[in-house]
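Both complexes shown next keep chain A, but they swap its partner, so chain B is in the first and chain C is in the second.
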Partner chain A sequence: MSSVPTAVSTDDPAVVPDLDDDAGGMLDGRVSVGLERRVVLRGAIVAAVVLVLGLFVPNIITDSYDMGVAADGVVLGIMAIGIGFLAHRSGLISLGHTAFYGGSAYGLAIATTHWGWSPTSAALFAVVGGTLLAVAIGALVIRITGFGFLMLTLAFGQALYAVSTLTSVRSVTGAFDGISVTYAGENTKFLGMTQAQLGAPHTFWPLAWISLVVVAFGLWLVGRSRFGVTLEAIRDNEERARFSGYNTYLPRLGGFAISGACASIAGVLFALKASYVSPDVLGFQLAGDSLIATIVGGFTILVGPAIGAVLYIYAQGKFGDTGNLELYMGLALIVTVIFLPGGVTGWVVEQFRRLRTLVAGRKGASRS
Partner chain B sequence: MNLAQVLNGLALGALLMILSSGLALIYGLRGVMNFSHGALYMLGAYLAYEVTSQGLSFWLALILAPLGLAIVGAALELGFFRRLQRRSHIEVGLVTFGIALVIDRLIVIVWGDNTLPVRAPKAVDGTTNVFGTDYPTYRLLMIVVAIAMAAALVLWLRNSRVGLHIRAASHDTETSGILGINVDRVSLVVVMLGGALAGLAGTLAAPYFSVSPGMGQSILITVLIVVVVGGIGSVGGAMAAALLLGLVQIMGNVWLPSVAVLVPYALLIVVLLWRPTGLAGKRV
Partner chain C sequence: MSGAPVLEASGVTLRYGAVVAVDDVDIAVAPGVLHGVIGPNGAGKSSFMDALSGRRRLSAGTVMLGGEDITRRKVAWRRTHGMARSFQKTSVFNSMSVRTQLEMVARRNREEDLDSIVHAFALEPYLDQPCSAISYGLQRSVDIAMALIGKPHVVLLDEPGAGLSQEESVRMLDHIRALCSERDVAAVLVEHDVDGVFRVCDEVTVLSLGTVLACGKPADVRANPAVIEAYLGSQA
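So, the complex of A and B:
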C-alpha cells in the first residue's frame, strides 16, 4: 500500500538543489501539483491496482487473529491519515479526532439500537453527523493555532467523553457500560453482510480495505488540487495568504472537516466491526495513541499514518496484556520526534531518495 | 453552599495552583507545554508514599519529594528541553507527552498498580473548627501551604535578581540572551523549580486522594486547562484560574451535579473563544 503515489514528499526543500544536477533529477524532483488528467489517471490506476491486490490479503493471512489485527489497523489507519492530513496540510496537531470517531460510532449504535434504523442508513447518518460535528467544532477552533488548537480539540473531545459517561444520559449511551449494537429493523444487512460477517475479520476486510484506499485516493486528489495548495500556502504564512486575497478561514475549515470526515468513517467501521461502543472510543488514551500512531508512521507521506496505525494495533496485541504498551508507545514517540522527524515512512523514503541520488550521481560521473 | 464546600473548592484550587504555576513557568521560558507535568506530580506522590512507608515522617516527605522531582526536572531540561530548543514547540510538547507515558509506566513497574494509602501526620489528622464548621485540618494545611508558596513565588519573581531574569527571559528569550542573561541557566532553575512544585503538589495530594496510577493523567488535563485559561505562561493568571476552577468545580458539584464534569471544559472553551490569550493575556 506504500505504492500509492506520494506527490506530497516532493515538497522537502532539500530536494530543490537537485533540480539543476541532471535531467533525471529534475524530472524526479519537480514539485508536482495540479490535477492534469494524465497524473490523475496514473494515480487512479495505481490506487485501483493497490485496491485489487489488497483484496487478496485474506487469502494470504489465514490466521483469524492476525487478520483481526490487520483489519483493526486499517480502520484506525483511516482516522490516522485524517489526522495526518490536517497536520501536514494545515500544520495543526489535533488531540480531538476521537470526538468524530467516537461520535460517529455512537451515532451508528444509537441509530440502529434505539431508533431501529437499518445499518446502511445508520452508517450514512453517522458519517454525515460526524462530519457536521467536525464542521461545527472546526468553525469555533480553526482560528486558533499551535497549543491553543491542540488544547481546544482535546477539550472538545474530552467534553464529549464526559457527556457519554453522564448518568443522566444512561438510557441513550449506556454510560460506562456502553451500548451493544443490535440491528432491529427488517433490513439487518450492511452492503449484503450480516452482523456476524461484519464481525469476522476475513469477511470484514474488503469493506475496511476499500474504505482506506478510497479515502487515501480522495485525500491525494484533494492534496494536489488547488484547494490543497491553498491550504499549504495558509499553513506556511497565513498573513501573506490573506494579503494575497485568499479567504484563509474557509479552506482551513474545509481541511478540518475533511479530516474529521475520515475519523467519522473510521468510527462507523469500528462500530460495525465491534458491534459494541463504549466511552473508550472517545477517551484520552485513544486520542493520544492515534496521534502517536500518526506521528510514528509519519504524516509527510500520505499513507504513513495508516502504517503507523497498523504498527500500533500490532503492538497493542503484543504488549497490551503486559501493560507495557504505553511504555513502548512513549519511547517510540520520543525517538521518532527527536531522531526521525518524518516518521518511519518519511525515513524510509528519505533513504530511498538518497540511494537514488547516489546511483544517479554515479551514472552522471561515468557519463562525463 | 456551605463553608465546608467553599473550603473544599479552595483545597482543590490550592493543589491546581501549585501544579499550574510550575507548568506556566516552564511554558513561559521554554515555550513548551509540559505534558509530563501530571506524571511528575504522580511521581511526587509515590515518592511521598515511599518515604512515609519507610517509617519516616510525612514532613520529611514534604521536603524530599520536591527535591527528588527537582532532580528529575534537571534531567528533563538537560536531556530534552535544552537539546531541542531549536525545534518547534509542538514537537517538544509531543516529546514530553512520550516522557509522561514512560514515567507513568515505570511508576507502575516499581510500585505496582494498586491504590496506596498515605496517612497525614498525626498533628493535622483531626478536624479544626472554622467559624462553626468542623473541617479536616489536613485540607486547611494544603490551602495554607499553597497560599504561602504562591506568595513566596510571586515575591521571588518580583524582587530577586533571578526572578528578574526569569521574567525577562519569559518575555523575550533572544533579547535577554543578548543582554547577558544566561538563558540556559535560568531555564534550568525554572524547570527544576517546576518539577519541585509538581513534587510538592503530589506529596500534598497523597494523603488527600491516596496514591494510584492514573492520578497524573486525570489531573493533567485539568491543569492544562487551568494554564490555558489563566493565559499561557502567566504564573499569576494560572494561580487565579486554579482557584477559580477549584471553586467553580465545587459549585458545579453542588448545584449541577449531573453535568459538573463538563465544567472545566466549558470554562476552557468559553475563555479561549472569548479571549484566546487567556484571562491574564501575555503578562508574566
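So, the complex of A and C:
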C-alpha cells in the first residue's frame, strides 16, 4: 500500500453534480463540510416562495374562527419545530420548553403592563430573556440524556409554573388570574400594528407566518451548517466526537439554546395575539400538547412538527366540542408511534420515496 | 529508531476499586516506530490504552506527548494536539456518510490532504454511503482513517484486527505498518494476534496481570523465558 495520493478526478468541473445534497468534492482536494452558496440560495428561494404563498392564506380562509385556529397552529408550530430540532439534531426530548414559551410570554406582559415598555422593546426583551433562560437551564440539564433529560426539563417547566402562581408574586404575575397585556407608553404599536390588529386573526396572520418561515429557514441553515453536522456527530457517537477533537458540551448547549429561542419567539407571539397571559402558558398541558404535536407531525423533517401543531390545533377545534379531545389525541399519538414512526410527514416522505423508486425502476426496466 | 520518543509514559497505574488493572507500566515510542502491546485476556491491554488516551483518569503516573505533560488533559485537547486513537469496538458515526464524517474530522484537525487517507484505505467507492450501510471491515477502515486524520504524532490502535477475518487482519496489520513508517507516526498497537504483532512491530511490550513482563525487540521478547513460560507457552 502506498500513501502517495493519486490524482482522482471524478469531479469534472464541467459536470455540475446534482444539487441533491451537500455536494462537495472530497476528491478535488478541499475540505467542504457545511453550507454551500448554491444550496443556501436554493433553500432561500424555497423559503421566499412559501412565505409569499402563505401570506394569501387570509384570502382563502375568510372565517375569523378558522383563521384564529390557523394562527394558533402556526404559533404552536414555531415552538414545536424548536422541540423537533432538538429531538432530531441532539436526540433529546424536552418536556420543558413551556419554561421558555411561558417565560417569554410573561416577559412581554410584565415589560409592557408593569414597566410601560413599548411592545417592540418588550418583545425583544422577552425573546432574549427566554433564550438566556434556556442557556441557564440547559447548562444544568444538557449533560443528562434520555429519560433523565425528559424528567429534568419537565421539573424545570413545572417549577416555573409553580413560581408564577405564588401569592407572593401576585402583584407581578397575577398568580392564577394572569395578567392582561396593556400598552401604556407612547409607542403602542408593534411593527405598525395596534393591539386590536394583533388580536384579530386576519391581521395577526402575516406576523405569525413570517416568523414561522424565518425560524424554519434559520433552523434549516443551522442544521446544514458545520455546527449542525457537529451536533449530529455528537448525537450519533459522543465519545468518538470527543476523540475526534470536539468539545461536546458547548455544541449541545448551543443546540438547546437555539431550540429554546424558538419557544421564546412563539411565547411572545402568543402574548401579542392573546393580550392575556396566565399560568397555562407554563403548564404541563401545553408541554404535552407541544410534544405530541412534534411527534405526530414527525421531527425527522424540519417542518414536520409545525404541520403536527396545525393538525393538533385543528383537531382541538373539531373535537373540543365533543369533549373527547384527549381521547382522540391519545389515539392519534398511539397510531403515530406504532404505525408511523416518522410521524405524519415522515410517512408522506416515505411514500413519495417509494413511488420515486418504483417509477425509476420501471424506467430502468423499459430501457433495458 | 528515529530520534527521541514523542510518546513517553511512566508509572502508568489504573485501579478500579481494589483491582489494579494497570500497574506501574512504562512506555516510550519514537516517531515512525510501531510498538506492539500483547498479553493474555485481562492483562490490562485495553485499560492501558484507555489510560494513555485519556479515556480513564490515571491513578498514578504521567503521560508525556512531545515533551509536554498531558496527564490531566481532556481527550478533545489531546486529539487536536496530536494524539489519536481507534477503538476495539468499532466507533464511527453511523448515521453520517463516510464523506461527511471524514471531512468533519479533517476540518477539526486541520488536515489538508484527506485524499491520501481516503486513498490509503481505498474508501473512494463508499464515500457517499452512510457508515451503517458498509461492511464491518470497511467501518474498521473508517475508524482507523479517522484516527490518522490531521497527521497526529501518536496513534493508539486498540485491536484493529478485532472482528476481521484472518486474511483481512493480516492485510490491516501490513497496512498499519506501512502507514506508520510513511507518516512517521509513533503508533501503539494492542493486538490479540501475537504472530501478527511479532511480524510487523519494531518493539513489543508484553503485559501480564497489569505489569510489564518483557519489553524490547520482537526477537528478544520472543526468546524471553518468562514470556515463553507465562504467555506464549509451548507454541513459541
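By definition in this document, the second predicted complex is superposed on the first by the 334 of 368 C-alpha atoms of A that agree within 3 Å, B and C clash if a C-alpha of one lies under 4 Å from a C-alpha of the other, contacts with A are read in each partner's own complex, and residues count from 1 in each chain.
Assume a contact is a pair of C-beta atoms (placed from the backbone, for glycine too) under 8 Å apart; a residue touches a chain by one contact, two chains touch by 3 or more.
Quick caveat, the model's predicted, so the values are computed rather than measured.
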- Query: Of the partners chain B and chain C, which touch A:R226 in the superposed model: first, second, both, neither?
  - Reply: second
- Message: Going by the contact rule set out at the top, does A:S171 touch chain B (first), chain C (second), both, or neither?
- Response: neither
- Task: With the two complexes superposed on chain A, say which partner A:F147 touches: chain B (first), chain C (second), both, or neither.
- Result: first
- Using the superposition on chain A described above, determine whether A:T62 touches chain B (first), chain C (second), both, or neither. neither
- Query: What is the contact status of A:F156 with respect to chain B (first) and chain C (second): first, second, both, or neither?
  - Reply: first
- Query: Once the shared chain is lined up, is A:Y246 touching chain B (first), chain C (second), both, or neither of them?
  - Reply: second
- Query: Of the two partner chains, chain B (first) and chain C (second), which one does A:D236 touch, if any: first, second, both, or neither?
  - Reply: second
- The shared contact residues of chain A with chain B and chain C are none
- Task: Provide the residue numbers of chain A that touch chain C in the complex, in ascending order.
- Result: 1-6, 8, 22, 24, 26-27, 29, 31-33, 226, 229-230, 232-233, 236-237, 239-248
- Note: in the complex, chain A contacts chain B through residues 93, 140, 143-144, 146-148, 150-152, 154-156, 158-159, 162-163, 165-168, 284, 288, 292, 295, 323-324, 326-327, 329-334, 337-338, 341
- Can you list the chain C residues touching chain A in their complex? 53, 55, 74-76, 79-80, 84-85, 87, 91-96, 99-109, 111, 113-116, 118-120, 124, 127, 146, 150, 174-175, 178-179, 182-183
- Residue ranges of chain B in contact with chain A within the complex: 33, 84, 89-91, 93-95, 97-102, 104-106, 108, 113, 217, 221, 224-225, 228, 232, 258-259, 261-262, 265-266, 268-269, 272-273, 276
